[in-house]
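Here is the structure we will look at.
Chains: A, B, C and D, in written order; residue numbering restarts at 1 for each.
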Amino acid sequence: MGWFKRSARKTPQNEIPEGLFAVCPRCKAHIYKDEYESAFKVCPKCNHHERLTAAERIELIVDKGTFREFNSEIKPNDPLDFKDAKGSYRQKAEDAIAKTGLNEAVVTGSGDINGTRAVIAVMDFRFLGGSLASATGEKILLASEHALRMKRALLIFSASGGARMHEGIVSLMQMAKTCAGIARLDRAGLPYISIMTDPTYGGVSASFATVGDLNIAEPGALIGFAGRRVIEQTIKEKLPDDFQTAEYLLEHGFLDSIVNRGEMKDYLHRVLQYSLGKKV
Amino acid sequence: MNLEFENELAEIEERIAELSKLDSKEHPQLNKDIGALRRKMKSLTRRIYENLTPWDTVRIARHHDRPLFKDFIAGMCSDFIELHGDRRCGDDKALIGGFATIDKHRVMLIGMVKGRTVDEKVHHNFGMPNPEGYRKALRLMKLAEKYGLPIVCMVDTPAAYPGREAEERGQAEAIARNLTEMAGLEVPIVVVITGEGGSGGALGIAVGDAILMLRYAVYSVIPPEGCAAILWRDAERAPEAADALKITAESLLDLGIIDQIIDEPPGGAHRDPETTIERTREAVVETLQRLKRQSTARLRDNRYDKFARMGRVKKRRSKSSK
Amino acid sequence: MNLEFENELAEIEERIAELSKLDSKEHPQLNKDIGALRRKMKSLTRRIYENLTPWDTVRIARHHDRPLFKDFIAGMCSDFIELHGDRRCGDDKALIGGFATIDKHRVMLIGMVKGRTVDEKVHHNFGMPNPEGYRKALRLMKLAEKYGLPIVCMVDTPAAYPGREAEERGQAEAIARNLTEMAGLEVPIVVVITGEGGSGGALGIAVGDAILMLRYAVYSVIPPEGCAAILWRDAERAPEAADALKITAESLLDLGIIDQIIDEPPGGAHRDPETTIERTREAVVETLQRLKRQSTARLRDNRYDKFARMGRVKKRRSKSSK
Amino acid sequence: MGWFKRSARKTPQNEIPEGLFAVCPRCKAHIYKDEYESAFKVCPKCNHHERLTAAERIELIVDKGTFREFNSEIKPNDPLDFKDAKGSYRQKAEDAIAKTGLNEAVVTGSGDINGTRAVIAVMDFRFLGGSLASATGEKILLASEHALRMKRALLIFSASGGARMHEGIVSLMQMAKTCAGIARLDRAGLPYISIMTDPTYGGVSASFATVGDLNIAEPGALIGFAGRRVIEQTIKEKLPDDFQTAEYLLEHGFLDSIVNRGEMKDYLHRVLQYSLGKKV
């Protein structure tokens, strides 16, 4: 947990030139930027799914004009008064806020998916590596409580390097906290769908992300508990190339399905029709 | 086996041992001298242990002679029946459990086993469970729920094992499943952090109604060495990280993460395992008595509230909305 | 691909095909001749299929062109979303399932996949599930229970796979667990035996409130070849064993094991998959409508009684007590 | 299922000479017959656990004079009117009755274990290989119903080659039938302890024997779904020597414990104290 700095890949967004073309970070194909953006950053050549911001994700999934955000004012806590070599966590958080325009690494709210209302949480990897901390956990718990009250499905899109070590043990506890919320939904018979996007690691994969009624992933997403480098150091061998990819997890029984970004919204809508039969 | 901040203690201990070999008839001052040394040692011990840094505490929590889960079983329980296997794939050696009797309480006792000799350490994978360990633990907890037995979890692990097969068999899912299921269990759950509370690997059996912690145990989201390597780019600065991470029992009590500190004897559990284990037994028994009086629904609601409170963020007006 | 008792049919089919190539202007009798052949074929088909031996039925149940689970999915469902994985170890290719819509009914649909080409057969392990298949099925059934969806299981397997790793991962436990859990599920369960009902491997998803069976499917405690090898020391005597074992739909209805036979078109499902699938769909929908009217508690009690009745032994006075 | 004829080992009882000594079928040690019998047929040299009859097992486990048998009059059914090369199943069953003095392959009843009353079912391998058939299933179901009514623990000692093929599909259905009984006990919170003895295969291992709250086995017991020979024929390789032994199953996570015969009664009594806390 907390290894997100290491396991995080270079954010390839930087590699996209300013001009007319975007460059696919995997296959290096040049793609018309318009085409790339309208395909929500999926490479038409190699199906690489580039990371999305929370806003992009919401635009992709939620019917236009229906998203109502919850608790956007919740900002990072600093329970440990944490400082490291490069300065204070407080400053780091302020910088992330300034950079992303978000107050935390997750955006929560309710919205319609092809007309079916659901509660949705979307993590944003740009905000401190999508790390799970007290405010992240709190927002997710509040979202699950809203879903419980309103008898709605909960959908969480994960993108995270793990727990946010700057909040120490308090961030670890968010794993138990968010799972307690999921457990209540489960007892109430309400659906919880987890969608894992690249990357989903550590404290997030070891809590709410992997205990969906359905666990879904985007193609090529990296998902795991420990980071590849930590494992290679531990076992002293090289891991296969496809280690911890969504495809690898599907083969090992941990995913219900891998869904292309372009089909995700319709897929979720279809799935919700099965899951809400008893409740609505 | 001494920690460096205990060197002075070790020297006095040695002198006492030397003097004790002498004949008190030839050395009339002997008993008085030994007595003085003992008093000196006692006060020095107290002084050292009152001024431990968090990093010192990490060292104590990992001390070779610190009582391990098997020592607690032997010392706390009048009966223990180990129950093996996850019914899926294997029997983890790092995370074990079974029926146990503590005082008059029949419980399901679960904990990590580290081992003390090299062979034992290897056999028990240094106390680092694989997914089948967490799944065995969950199976036993569900059995406890069926039989109405309280659950006692004793935590002492550096981490969940970061291995290839652990990933393939779903280490993340196994821990996540436990967190989710433990939230809903209809029996009391007592957690005791006895040594190393290593991140998600510890939390995987540490969702409880009461979280107790030995005074010199630690509980952290990341090992201080790892944190230092990331944040200071220098694993040698682990002591600073240990400080920053607030991983001692005292800090965790302040943060509302744990409910009670079990005091260790002066000089730490490794100097007096027996007293440590006895105090742990007493604390567990008291907690069991208290929790057993609560109704099932109440227990579960309280457990939810307990974790929901952790890191609760006061809503603040954001700048943009003034 | 003809079974030997169908040779005569094949010959007539061939003659019809030849005649159809001719020009009806040159051969004024042609249409009349073809009509006669068709009538002959129809009555012959009926005669053959009214006099099938149990062993003939086994051959039909295993026929290359018999509709397989994937054909049923395509033909019966307006929507199917496959859900993968057991969340423990793997995604079985021989036993699959997912959300499906049949008529207006949203259900969890589960079944064995055999495959038709050699590649498909290998990929799907010839329809022989491993433990992770049964565990995936159980996971999906529990999900169906949570969502209040009825469960439809379509059975077509020679057997649960008798492999080394299947044993290591608990083939026996996986099947036993399903039998136990299915007994308690709080949603309707419709089972259709569509092809081979191979012993425990079939039963592992066949504990239902209504057991339907295609007319030329078979359902047996042991393959006739295996039974013959044991009892007659000669696998060639499988036809005798097939007879003795009472494995046809007709026999099973008499024995009270199944509730309903779904008629296949004359000449068997392999001659007319479409009609077979359509009749299956109708039978499943009717059954779902009936079962959905029952309360949860009633369903479960009835299911218990249903299996408790099977092989119920009348108490007899023993000789000794006269 | 139904392969018991093949998987059954030679009954080594025949090898014990009539004289003063018994010969251990595994290590071939000569053991004083008295010593062997008083150790309930466990070899003092190699810990081989020889198969026991149901009567011997009951004597070993149940407090003297407390066993009350249920439904002893239930005898094999012949739902298929089954005949094979060597004659009718009906005759075969009559022969088994005559040979063993039992009416079926399982003896059921209630009895005390160090003073704790329980419902007990004990299979006897001598009766048609301990095969599961309608009367066996019926007796086990009735035993589970008795346990449910009386709020007692159910203990089943398995010893079986699998389903009895002479009763065809009806014998297969006993797997579902017995498991339905176990499921009811489970919902009622009542303990069900499964003790697997040599051998436990096929329709018995794939039903009630492996779904105990606790799965216990005797040392060296062979336990599996398919027989070794069937598997070797399927996978075309030799299996390791310890394949399907209790020790192998323990390592693979399917047993709670392996318990020596001499300690079994006390072990079960200890376990019952934990399992009945809520009920008695």
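Here, a residue touches a chain if its C-beta (ideal position, glycine included) is under 8 Å from a C-beta of that chain, and two chains touch if they have at least 3 such contacts.
Note that the structure is predicted; figures quoted are calculated from it, not measured.
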*Would you kindly count the fewest steps from chain A to chain C, each step being a jump to a chain that touches the current one?*
1
_Per the definition at the top, count C-beta pairs in contact and tell me whether B-D or C-D has more._
C-D
*Just curious, how far off is chain D from chain B if you go by their C-alpha centres, in Å?*
42
*asked:* How many angstrom lie between the centres of chain A and chain D, each centre taken as the mean Cα position?
replied: 51
*What whole-Å value do you get for the distance between chain A and chain B if each is reduced to the mean of its CA atoms?*
32
*Quick one: which residues in chain D touch 2 or more of the other chains?*
186, 252-254
*Specify, in ascending order, the residues of chain B that touch 2 or more different other chains.*
87-89, 169-170, 173
*By the touch definition up top, name every chain pair that qualifies.*
A-B, A-C, B-C, B-D, C-D
*Can you list the residues on chain C that touch chain D in the complex?*
160-164, 166-173, 175-177, 179-184, 199-200, 203-204, 206-207, 219-222, 226-227, 230-233, 244-247, 252, 255, 257, 303-304, 307-308, 310-313, 315-318, 321
*For the complex, which residues does chain D have touching chain B?*
186, 189, 191, 213-215, 250-257, 267, 270-271, 273-278
*Touching residues on chain A, where the partner in the complex is chain B*: 1-3, 5-6, 71-75, 77, 79-80, 82-86, 103, 133-135, 137-138, 141, 163, 165, 167-177, 179-184, 186-187, 202-203, 205-211, 223-226, 230-231, 234-235, 237, 239, 243-244, 252-254
_chain C - residues contacting chain B, complex_ = 87-89, 135, 169-170, 173
_Residue ranges of chain C touching chain A (in the complex, touch as defined)_ = 79, 81-91, 99, 106, 132, 136, 143, 146-149
